[in-house]
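The structure is given below, and queries will be raised subsequently.
Naming follows writing order (A, B, C and D), and every chain is counted from residue 1.
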Amino acid sequence: MAMVCLSDFEAYAKKYLPKIAWDYFAAGADDCTTRDENILAYKRIRFRPRMLRDVSVVDIRTKILGSEISFPVGIAPTGFHQLAWPDGEKSTARAARAMSTCYVASTYSTCTLEEISRAAPGGLRWFQLYIHRNRAASQQLVRRAEALGFRGLVLTADLPYTGKRRDDVRNGFRLPPHMKVKNLEGAFEVCKMRQGQTPRDLCIVAAQMSFPFAVSFWLQGDDCSEYGLPPNSLDPSVTWNDIYWLRSLTHLPIIIKGILTREDAELAVRHGVQAIIVSNHGGRQLDEGPATIDALVEVVEAVRGRVEVYVDGGIRKGSDVLKALALGAKCVFIGRPALWGLAYRGEEGLQDVLRILQDEFRLSMALAGCASVSEIGPHMVQFSKL
Amino acid sequence: MAMVCLSDFEAYAKKYLPKIAWDYFAAGADDCTTRDENILAYKRIRFRPRMLRDVSVVDIRTKILGSEISFPVGIAPTGFHQLAWPDGEKSTARAARAMSTCYVASTYSTCTLEEISRAAPGGLRWFQLYIHRNRAASQQLVRRAEALGFRGLVLTADLPYTGKRRDDVRNGFRLPPHMKVKNLEGAFEVCKMRQGQTPRDLCIVAAQMSFPFAVSFWLQGDDCSEYGLPPNSLDPSVTWNDIYWLRSLTHLPIIIKGILTREDAELAVRHGVQAIIVSNHGGRQLDEGPATIDALVEVVEAVRGRVEVYVDGGIRKGSDVLKALALGAKCVFIGRPALWGLAYRGEEGLQDVLRILQDEFRLSMALAGCASVSEIGPHMVQFSKL
Amino acid sequence: MAMVCLSDFEAYAKKYLPKIAWDYFAAGADDCTTRDENILAYKRIRFRPRMLRDVSVVDIRTKILGSEISFPVGIAPTGFHQLAWPDGEKSTARAARAMSTCYVASTYSTCTLEEISRAAPGGLRWFQLYIHRNRAASQQLVRRAEALGFRGLVLTADLPYTGKRRDDVRNGFRLPPHMKVKNLEGAFEVCKMRQGQTPRDLCIVAAQMSFPFAVSFWLQGDDCSEYGLPPNSLDPSVTWNDIYWLRSLTHLPIIIKGILTREDAELAVRHGVQAIIVSNHGGRQLDEGPATIDALVEVVEAVRGRVEVYVDGGIRKGSDVLKALALGAKCVFIGRPALWGLAYRGEEGLQDVLRILQDEFRLSMALAGCASVSEIGPHMVQFSKL
Amino acid sequence: MAMVCLSDFEAYAKKYLPKIAWDYFAAGADDCTTRDENILAYKRIRFRPRMLRDVSVVDIRTKILGSEISFPVGIAPTGFHQLAWPDGEKSTARAARAMSTCYVASTYSTCTLEEISRAAPGGLRWFQLYIHRNRAASQQLVRRAEALGFRGLVLTADLPYTGKRRDDVRNGFRLPPHMKVKNLEGAFEVCKMRQGQTPRDLCIVAAQMSFPFAVSFWLQGDDCSEYGLPPNSLDPSVTWNDIYWLRSLTHLPIIIKGILTREDAELAVRHGVQAIIVSNHGGRQLDEGPATIDALVEVVEAVRGRVEVYVDGGIRKGSDVLKALALGAKCVFIGRPALWGLAYRGEEGLQDVLRILQDEFRLSMALAGCASVSEIGPHMVQFSKL
């Protein structure tokens, strides 16, 4: 099977991953409308290609928060890479470094931050974090990341509770026994079952709480305590003021992820973040919000250049990267395609994915008449928001 | 089979209900365009989700006409619940009370109002009525409902004749012999067949009247007289002035159901109704009228807060409820999903349906950044009418 | 099989007609885009139904050019009814009279005008004509029609040449030997094959003319001369001035059929026609022109009430009739559905079709809150042209 | 199998061509969105047909750059005609001359310019060229074309690198051993493999260059050197100034092909080209640029009649030609349909294709009420750009 484009990796992953893992990675919330819209929205954008411009040399390098990357595509934070490849996030870190781009490691990694760092010393990495009810746990993670040389903190803002992903509920999604959310081990008191209480009891307890879907995947099965997580460890009471608290913990730049409106973009800037990732969590949180490429335009207008803006969701071709940059993104991040690459051949497979995107992006630029990233702009596309 | 979302209940009902019953519940008029549009129209509305708002507590309670309900979803009036579950409307009444919401009992119930009341004393219930040619029959029903503690009268305005539901005609839809429209027993003189006349003759008589489709389902088969209904018992000459007549019969609030235009919304307010249900009868009456969520916007604008506005039709997810409220509805009502719940497991099944909607609604609110029903508003959605 | 709606008749005809006949009736030009758009365009129009209006009596009668018809649906001119039913146009004439509506007999009938007249004396009929290269032939037809009591002349304006209907070309469409275009027998010199010339030669001759597709169906097979028609008997040089010539031949009202633009509507009025039929020949002529219901609006605006405007194409339900009237048509005409009715059971089948449309139209009016044809208007619909 | 319309030829070619050849001709870049949009965009344009105009004679002749052609459809440059028919471009040349239209011979022909000229002396032909890194090679080609009586030079502007056509990569597309890009033989130094180097090595070398997809088809297999081409022989550094260089080589008119924006149209005029072909290379270069018929409108507006404008891409019916002319094209060119005709029966098959288009175009004109090409204009269509 020739691996020619990202869809080939998707087909491979769908065929060879365990169904429960494929479903987890593929899942969108509810009807998966937003997940699919992320892709469809790119197809509504038309290029205005220009001819007879010298494109013998095409410079695709760019910088994000001052660090150079080989091309404007980074690895978005996604959980549980061991579900895709035995070495998990260590492979991801190595591939990202090999391709000279940025890897945003997820809190929900199946390797520790330390393992990730050791796997690819010197690579450009950011750390994605949530704010937990137990703030000390979050603080500990921030300190560890900073000490390990992570160069940015990506605060996920769109997950006060987990979205309702029907297939995960149907599958009773849980990690296999030999995988753990290692970063959080010891960070919380273990969620202990009382004497005579079964995991099913815990489920019932959870179901009586406000958000049964939100916690369902933590509580399915009989080893939830292994995750070292109480039900609902994330804090749904977080507000913009918590940015100040986070700011007080670290000198790392703070990138806020999950912004979809001009109002929130303005608030993000005012609260001093260094960058925004326009994201809808791959369509896994609130279904029927905007496609990210549609929201990007609104956010870029609101931000007026005061901070860098990135986007994730729906990137499947090099030309999608070009469109996102034309509409104002400084860089894009890929989620599922990175997992497909891992599922194909670990580090090597992810490098293949990145290299294909890189080649396609460079070719798209050339065919659109653009010789360097700095020449990309809104004049290159015809955009009509749905 | 895991019952994760309302579609699961729909699939169950389609599989296990007798075809004639499923078809009757599923039926739309003519090409079923409006029935399907009710659902599609919701998908055209996009949320504008807001982040980092304290959603640790999400208050989903609301009030309709002064009565508190646990969340803004009530049970719309639909006929013949015994077709879905042996206990029929008694189960419906129990489930609604258990979930602390409003149940609008239909005139065409297969249990009497008295049986419904006894099944769930103290529950919040409204009574749906038609105006019959025989006004005394209508008057008697109003008096009974009032005496039994029903707290509102829902006047259906969109059924001067029954819409043309092709499958019902093909199936020769009729109630099984052991079910009756009990509320109307004795309310009319029985439609007597003359000596030597067969039911087929009656059909022919009816077919020579103006609206053969309208009466077809009453006259199919050989026991039409059992319904205690003459052909065309409903009065197609009803006008807005009959609201005054109805007003004179009762102190109960009058809710008018079936309004789709600003003009009729204005007339409803002027004629003193207490609330409006924007409805197209589930797409079972005039095909190719507007989707209810589209009509809602127009009605809400016309009403300018003078009366409460509700909507039914097409609600399949908690996020649909949130959209309807964002566009100005005070509450929504579900029709077919309630029947699917009944078909699954009677009272318990309907509670499951309501609980899923409740959980999804609460989660949608949280993910959209909204902590109480009072915060919901048009700023939360991007709406483009077809 | 229950015959509940017009689609049932379509399915029957498709199943039981010879393929060559079905294909001929069903044919559209080229990609059949316009044929299908005629139907789809109706689905884009939404009603604005009004409630609580006295619809106990619904008067659906109307007048066209002063003659009363039982409801605003007539029979459009279509050719070769014997392909659908042995009695051909005689059955059509009887059904139209039985239902008290207007039948427009086609020049290309398989019965003579005289046979049609004798079949249903006293029925309201118009005659559809083309202008032939041999004007005397056209003049003779006009005189015959007038003498037989036809009350209007429908001049088809959109067929200077026959459109390219692929299936007819593939099928080598021709009338079976026992059918003839009887009205034209003797009206022209027979197209004689020269000694030693085969019909194939004639085809070749025709193919060397300008419009091979246009004449293909006259020349396929070995008995083209039986039709009594030379290749290309129709005159493609006809212009608006020929209306004056036609006017000079007869006192009958002239209805022009095939108008699709405001410019031609204005010309039609200026040249003194009594009425316009907005038509695209069922999508059988120029493909990718407008749907007739879309063109109707433009024509009605241009005409400003100076002449009556009718429409054909795409009418499949009573509610389509209501939409056409709401947008300014005085009456609609049905083509293919009439043929389906004939194919089902001749005169009786066509009556069934008309009666279903009549019942559906009346019911649509009532459900839209409209008690007589005179109340129908543009306020009843929301129209967005593609 | 009756060959009634161009789709019939497409179906034939798909069935009988070797898969690798069909795939090559059918290929579009990436997701093939633009390739398909070229066709879909025509379907969004509606005619405004006019009636009762004398169309007894329909004059479809036109002139391009002063040369008369029998109708406004020429043969676009496409490569490798021997993949479709043994005689290759010689058959194409003969068919074009027989139908009195213009044939644009591709640089990537499998016959030499000399063979093409000898095959159909006196035919109207233009030569399509690229600008090679080795300018002497291009100069030599221009001189040969001029000497052989080619009457125009079509400079392809949209191929600084080859687009990514997935199927070609999967198939490892290469010409069969007995075919060669004959025009370029000897024009370049042969790409020599060093001792001990295999073609696979060359592939690897190429893959390390900037545009692996761009060169992939030259380098697949073991006989790349036979093409007489170094990897990446085309010059991606070409700019508008090279038009002046080309101008200096020849007195032939220069037609620039591949323009899609008003900005480039203006530049083309300013740099002195004689005509523009609005083209996206059949959707084979930058995917998700505009459909050519959409871009045509923009280019025509910008050009304001200063040079002739043509269009290619998506022409499948005579009515498409009429639409393109109505929107301002002086002539259209067909690519794939010509290849389908060749695949069917060589010269004869291509004549069939052209004759069908001619007949359909003439019939469309007549049915739209248009008697000569000079009467065609924007009033004939209703155009809404996507």
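Here, contacts are C-beta pairs under 8 Å (C-beta built on N, C-alpha and C of every residue); 3 or more make two chains touch, one makes a residue touch a chain.
No experiment lies behind these values; they were computed from the predicted model shown.
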Both-way neighbours, i.e. chains that touch chain D and touch chain A: none
Residue-number overlap at the chain C/chain D interface, same or different (half cut): different
Most remote chain, CA-based centroid, reference being chain A: C
Whole-Å separation of chain centres (CA-atom averages), chain A against chain C: 61
Averaged-CA centre spacing for the pair chain C and chain B, given as whole angstrom: 43
Where chain B touches two or more other chains, by residue: none
All pairs of touching chains, each written as two labels joined by a dash: A-B, A-D, B-C, C-D
Touching residues on chain B, where the partner in the complex is chain C: 30-31, 33, 157-158, 160-161, 163-164, 166, 169-170, 210-214, 235-240, 242-243, 256, 258-261, 263-264, 267, 280, 285-290, 386
Partner chain C, residues of chain D touching it in the complex: 2, 4-5, 43, 45-56, 58, 317, 319, 323, 359-360, 362-364, 366-368, 382, 384
